[in-house]
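Got some structures for you, see below.
There are two complexes below, and they share subunit A, which is joined by subunit B in the first and by subunit C in the second.
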Partner chain A sequence: MTDEPQRHAVIEVADARVSFGAVKALDGVSVKIMPGECVGLVGHNGAGKSTIVNVINGGLTPHSGTISLSGTAAVRYGIGTARANGVRCVFQELSLCPNLTVIENTRIMHQTLTGWGWRRRAAAIIGAKLDEIFPGHGIDVASPVSHLSIAERQMVEIATAFSHVAQPVRLVILDEPTSSLDASLATQLLAYVRSFVAAGGSVILISHILGEILTTSDRIIVMKDGRVVAERPATEFDEHSLVAAMGSVVKGRDIAKTIKPTHGLQPLLTAAERRGKGLSFQAFSGEIIGLAGLGGHGQTDMLVDLYLSHTSNWMNGRAPRVTFVAGDRALNGVFPLWSILKNLSIAHLSGLSRRGGLLDDTGEAALGQSWKDRIEIRTPDVDNPILSLSGGNQQKVLFARALATPAPAVLMDDPMRGVDIGTKQEVYAILRDEAHKGRTFVWYSTEMDEVCLCDRVYVFNNGAIVAELKGEDVTEKNILAASFMGAAA
Partner chain B sequence: MTRLASLVRRPWIWSFVAALTVWAATILFTGGASTVGLSQAALTFAAFSILVGIGQMFVITLGPGNIDLCVPATMTLAGTVALKFMNVDNSMILPGLIVAIGIGVAVGIGNYALIKLLQIPPIIATLSMSFIVQSTAIWTNRGLRIKPPEVLAKFTTETTAGIPNVAFVALVLSVLAFILLQKTVYGRWIAAIGQSIRAARMAGIPVDGTRFITYILCAVLAAICGYLLASFSGGAALNMGSEYLLMSIAVVVIGGTAVAGGDSNVPGIWGRRCSCSWSCRCSTPTAPAPEFGSS
Partner chain C sequence: MRKILSSDTVRLLIPALSLTILLIAVFYLQPRAMSYIGLNLLFNLAVPIALATIAQMLIMTVNDLDLSMGTFVSFVACVAATFLQATPALGTLILAAAVATYAALGVLIHVRNLPSIVVTLGMSFVWGGLAVLILPAPGGQAPEWVRALMISKPPFAPMAIIASIIIALVSHFLIMRSSFGVILRGVGGNARSVERAGWSIIGARAATYALAAVFAILAGISLVGLTTSADANIALRYTLLSIAGVILGGGEFTGGRVSPIGAVIGALTLTLAGSFLSFLRISPDWQIGAQGAILIVVLGLRLLLNRLERREKRA
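The block that comes next holds the complex of A and B.
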């Protein structure tokens, strides 16, 4: 159907390049969306899906490349132009105002609803669209959004995007639309997507549930590392070939993994099944355990819960059982008013206090100096403020903070964000070394290469552990397959 | 030269500069007539504010929203009960101090219990606690005015080597507070909590325990201050703490402690409090006698 010459693409992005610092988010991506087709967009975290969506909806201007609408090149393409041409987007993170009613939120998205009686008209429009997409939804459009459940908010957001007010809707981008909907609502939505497409509209569907992508899309685009790596009609893919297309080539590892026999040993850390489903968690002495799966599927919550349940909020023993390396530095890592040294030593103060409770200044300085040399914190003086360091170097300080403690278990919440490759290799070596001495590491990482370094991996999906991989089974292919397995079930 | 430069960078230095300027200006206007009396009176009143200011500083360092509004009521109750307990008996001075400290501990526990168990913001929790404490003080006092034991009254009103005794007490406690803040694990902990309560928890700091101790510490310092002030002014009065609420906050903030928490400053309290006292004295230069004793 795409070869009719008189039909123009709804939108065509050619050779778009976007980079954030040294990271190439888009490295020459060309995407063409024809009227009356549903395009599935898949890829691992950080593949560039959100970036290309932002380029299409006008939120992000590519550093090079062209965008054309209906065959004519757009000069100054922005959010306004996109909306005027009927491009709508449903975001993964909900974008409704919780203090306003459904009707008022409709008015915000549709600026043309003005004049007397706009509430009545808005109520009619949004109500009709909700009935059309989700028959029997039971949402009162006059109630504030804060009174709605997450699924109901997602339904309102979807209905708002599909509502026809002034301009016709030509392209709707659905970014993980079914992540908070249950199976029956998801079926209703996907059926509506098909009827919308049949009526000549276009949809870009992003989902980590491959079954949805395969059944709903006409064409599937697979992205990886900021490039389009495969683009074929949906009928030519199956789940296996999609996963294979998404994965990167597994690099040869130089470190041989040791699978220690754990049978009969006393685990160092344990956690019950999350939310009463999936597998339980166990960590033994000297293991490096990876937490894998797609981002935001409960790995961080699990680490934080593990940490909080093994430390006290009222008393501090001299020997902590666990220590934590924060990934979100600003939220739960750095003390911004302090020097590098004070930030580094805070977790190990009990080991630095002399008799009488006074701090050992010389011991603290020595600790700071030794870690500065060991992981090369790039600063002339550890008494400089922590905020004088780059993000990657701040992360090194947090690493040193945790490793300086005698705690037998180290929990790491994606700690390598923004750390350069050289330091990463050094840290990996330190981890191996420490694990060899009997320390346990529980490591959540969004980078597949890092997860593949682990002895044992728990794969997460929707807040629960869905699979456990050991030793040689820890491969990118197996992890990806397990990440999607739970969602399909 | 570098030493001068590093001195200028310390936030507390400016409160001292201000204090000396006001003091010099006052001497200039009065022609040096009451230099000694003025300085002594100012130091005496400064000492009381410094005591409550130190406690408030520890609490404010805990971060945004942390404040102890129960300070005046604690002072009143501690002063009232301690004087009643001592009953003009010189041998009861030390037990009286212990009673005052005990009241401080009890008020501190009550404050944190309200904050933690009922999940009330500190500003409301300590304010509610202050009504309870003030009512208790009214109930125990019943308008009676019991005089302090003679030795204690003498100690609080007299000077040693020209410097008021209460100023020495404040100095000793300030030095202790300085050491506590700068040189101990506890000091690091409260500064860490003040900067980021979540980061502090994830760094292994027992956040609740530390905050609990801090609220107790503040109430105990207020109680000691109430004990000394009641003895100094010849008996406890129900409104004797009221002046000290705003003062305790003002000396902390103007002395260079970050209101947003995480950064505190003991020397600054002294400079700020002294400059305030000079200027108060300056407006009433003929009244070197303390107001509290005269009523």
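The block that comes next holds the complex of A and C.
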């Protein structure tokens, strides 16, 4: 591609707004990508990075705002239009078909590979691109994707996105492309990105490793809470100013936290270093412990491991040691066909059953009523179906389910996703109250405000705990610094 | 490390091995089966089963299951023995409408996000009812050309063997080698990524269901060609036989992992298992149980092999 006389933006998104329920994922974002530049996109969880990426690749139509391609406004912008205009995307979670071979996956991504000999052509295209980006990769393109390692899959996906079949590739969005690549592969990729950009292509690079962003991008866009908060040439940023831009203005703190002395106490829960690196984990009675860091850096695995190591597959006694509050309500939280009461009492059935294994109906009803009053589940009757409640109230039922058990430790897997602010405040109060009574909470949250409520915070990066923050040190600035600058991959 | 066998080969190994062992056992018990006529008699009922198995396999490719396969094949058999024989134009039209119905079912299942087993279980009553309406009592007559095709005696190998090989090769080409088949299997493997690449999942599902209907129709017609007349309940066991055939042949319920050649071999194995048990003089009362036992043994072997493969990969 040569420079055209009038340089139009490859794609320009103007004033895009997207909201999911009460949550504003994009609040008037304008992004313009010129040919021949690499744009770095950074921001913490929920800043709106994935949403703007989905808008650009056509997977999501903004509720308002315009999208123009090469200077002309697109009328119906969708995945098809995006691909036809050479917009490609490498997603953070791998999106290849594991049952197909590398060649066949190339075919899925490129509609024009048909007719006799398509296998040969596809093999040539993907093989050449892999050789170009990752010399010496050693991937057999005829083997099924399920036989490849995670890094190899990522390499295949990147090579597929960059390979030119029918339409020229004009813009490639790389969402955390180096998260599963080792240092030398990451270097090869970033070098390729620079040569691709030098040849006139455009790249949007999303990464939590700020060093990569700073060295590879021409321009950096910083997002926070669905808005673009800073946009400057990369040379005007350094790691500290980037982290500062991602954070919010300093706010007053309501509660002064006290650091409880833990020396000499017996920890309630412990876990060794994750994957043999980083810090080990300890939880003492009556603490609220936050697990922070970017989403998907091992926090949920940690919670699941903690849960599994303190329970048994076969026989759980009447006094469980830990209980779990699931984050994805639809996936592993509610029983959608059951009543509110049944959803609430399921975790504590052993406490509610009489000798002989029958359920104590009056005891169950009393339990339901007491929790309904205590955490104010907004329903006239706990026998109503759980789906009659709003999302926030469903989440309260899940909290009550965990709190109704006598377990001294409660593990929470980002339970406040999509919950309105009023409900959140009520739940925070309940948590504080329960912690005062000696319960321990281990709380993974993707929201900074929630993490800042915790007494002690472990920050995760690449599957390991890289920092432990206590009391007054639990601040947004420290957490951001640890999650972006901790152990570079 | 270079692997000697690809995973597809390993997948085919167990069904091929079990068919060979069964065949040797049958020949040992009844040496007269080792002839042109004998082989044809052993396997001719396998042809419609193999076609129905391929149809079921197509549905399973997109992570669905068709519980109406048996009644649909029965319905087709009734149409073939009546309309297709008496008024070929009308018969063809009815069968074309059946293909369109299958495509519509695929769309419905996808758009409304319904479980395929519920929809097809419901449809099984529809097909069964239609079959009874067409042929309230056993009867009808196979079209001449079908009959002629099914009793033909090609040189070198009996019709049943040649037909099975053709079915296996055609479906292998269609599903495993063609660029169209890749999309179908991609939908089973990771529908989201196929969609992100700009494909219409609805279209792919509709095509899969329509293609499955075509294979099921061929199964019904070839069945009538063998039996000369039809009955509304003629192929009810095909539902479970076809699922068993796919699984026996190395296919899986989810993930788009299927093997057309394996499915045909699975269908042959299931047919042969029946004859084998008869040769053993096992009373028909016990045959279904014994057939189940054969299935369990073969599937157990496959699990073992999968585990070995996984261990090798980890090493």
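Note that in this section the second predicted complex is superposed on the first by the 475 of 489 C-alpha atoms of A that agree within 3 Å, B and C clash if a C-alpha of one lies under 4 Å from a C-alpha of the other, contacts with A are read in each partner's own complex, and residues count from 1 in each chain.
Just so we're on the same page, a residue touches a chain if its C-beta (ideal position, glycine included) is under 8 Å from a C-beta of that chain, and two chains touch if they have at least 3 such contacts.
Predicted model, so just to flag it, every value in this text is computed and none were measured.
Participant: When the two structures are laid over each other on subunit A, do subunit B and subunit C clash or fit?
Facilitator: Verdict on subunit A: subunit B and subunit C fit.
Participant: Please indicate which partner A:T311 is in contact with in the superposed arrangement: first for subunit B, second for subunit C, both, or neither.
Facilitator: In the superposition, A:T311 touches subunit B alone.
Participant: Quick check on the superposed pair: does A:L331 touch subunit B, subunit C, both, or neither? Answer first, second, both or neither.
Facilitator: After superposing on A, A:L331 lies in contact with subunit B but is clear of subunit C.
Participant: Should A:Q369 be classified as contacting the first partner (subunit B), the second (subunit C), both, or neither?
Facilitator: neither
Participant: Please indicate which partner A:H147 is in contact with in the superposed arrangement: first for subunit B, second for subunit C, both, or neither.
Facilitator: Only subunit C is touched by A:H147; subunit B is not.
Participant: Which of the two partners, first being subunit B and second being subunit C, lies in contact with A:L100: first, second, both, or neither?
Facilitator: second
Participant: Looking at the overlay, what does A:S280 touch: subunit B (first), subunit C (second), both, or neither?
Facilitator: A:S280: touches no partner chain.
Participant: Could you look at A:T270 and tell me whether it touches subunit B, subunit C, both or neither (first, second, both, neither)?
Facilitator: A:T270 contacts neither subunit B nor subunit C.
Participant: Looking at A:S353 after the superposition, I want to know if it touches subunit B, subunit C, both of them or none. Which is it: first, second, both, neither?
Facilitator: Touch status of A:S353: first partner only.
Participant: In the superposed model, how near does subunit B get to subunit C, counting Cα atoms only, in Å?
Facilitator: Subunit B and subunit C, overlaid via chain A, are at closest 6 Å apart by C-alpha.
Participant: Output the subunit A positions appearing in both contact lists, the one against subunit B and the one against subunit C.
Facilitator: none
Participant: Could you list, by residue number, the parts of subunit A that touch subunit B in their complex?
Facilitator: Counting only subunit A, the residues touching subunit B are 304, 307-308, 311-316, 320, 323-324, 326, 331-338, 342, 346-347, 349-350, 353, 357-359, 401, 405.
Participant: Over in the complex, which subunit A residues touch subunit C? Could you list them?
Facilitator: 57, 59, 79-80, 83, 89, 91, 95-100, 104-105, 107-111, 113-115, 118-119, 143-144, 147
Participant: Okay, in this complex, where on subunit B does subunit A touch?
Facilitator: Listed in rising order, the residues are 179, 183-186, 188-189, 191-192, 195-196, 198-209, 212, 258, 262-263.
Participant: List the residues on subunit C that touch subunit A in their complex, please.
Facilitator: Contact set of subunit C toward subunit A: 6-7, 177, 179-180, 182-183, 185-186, 188-190, 192-199, 255-257, 313.
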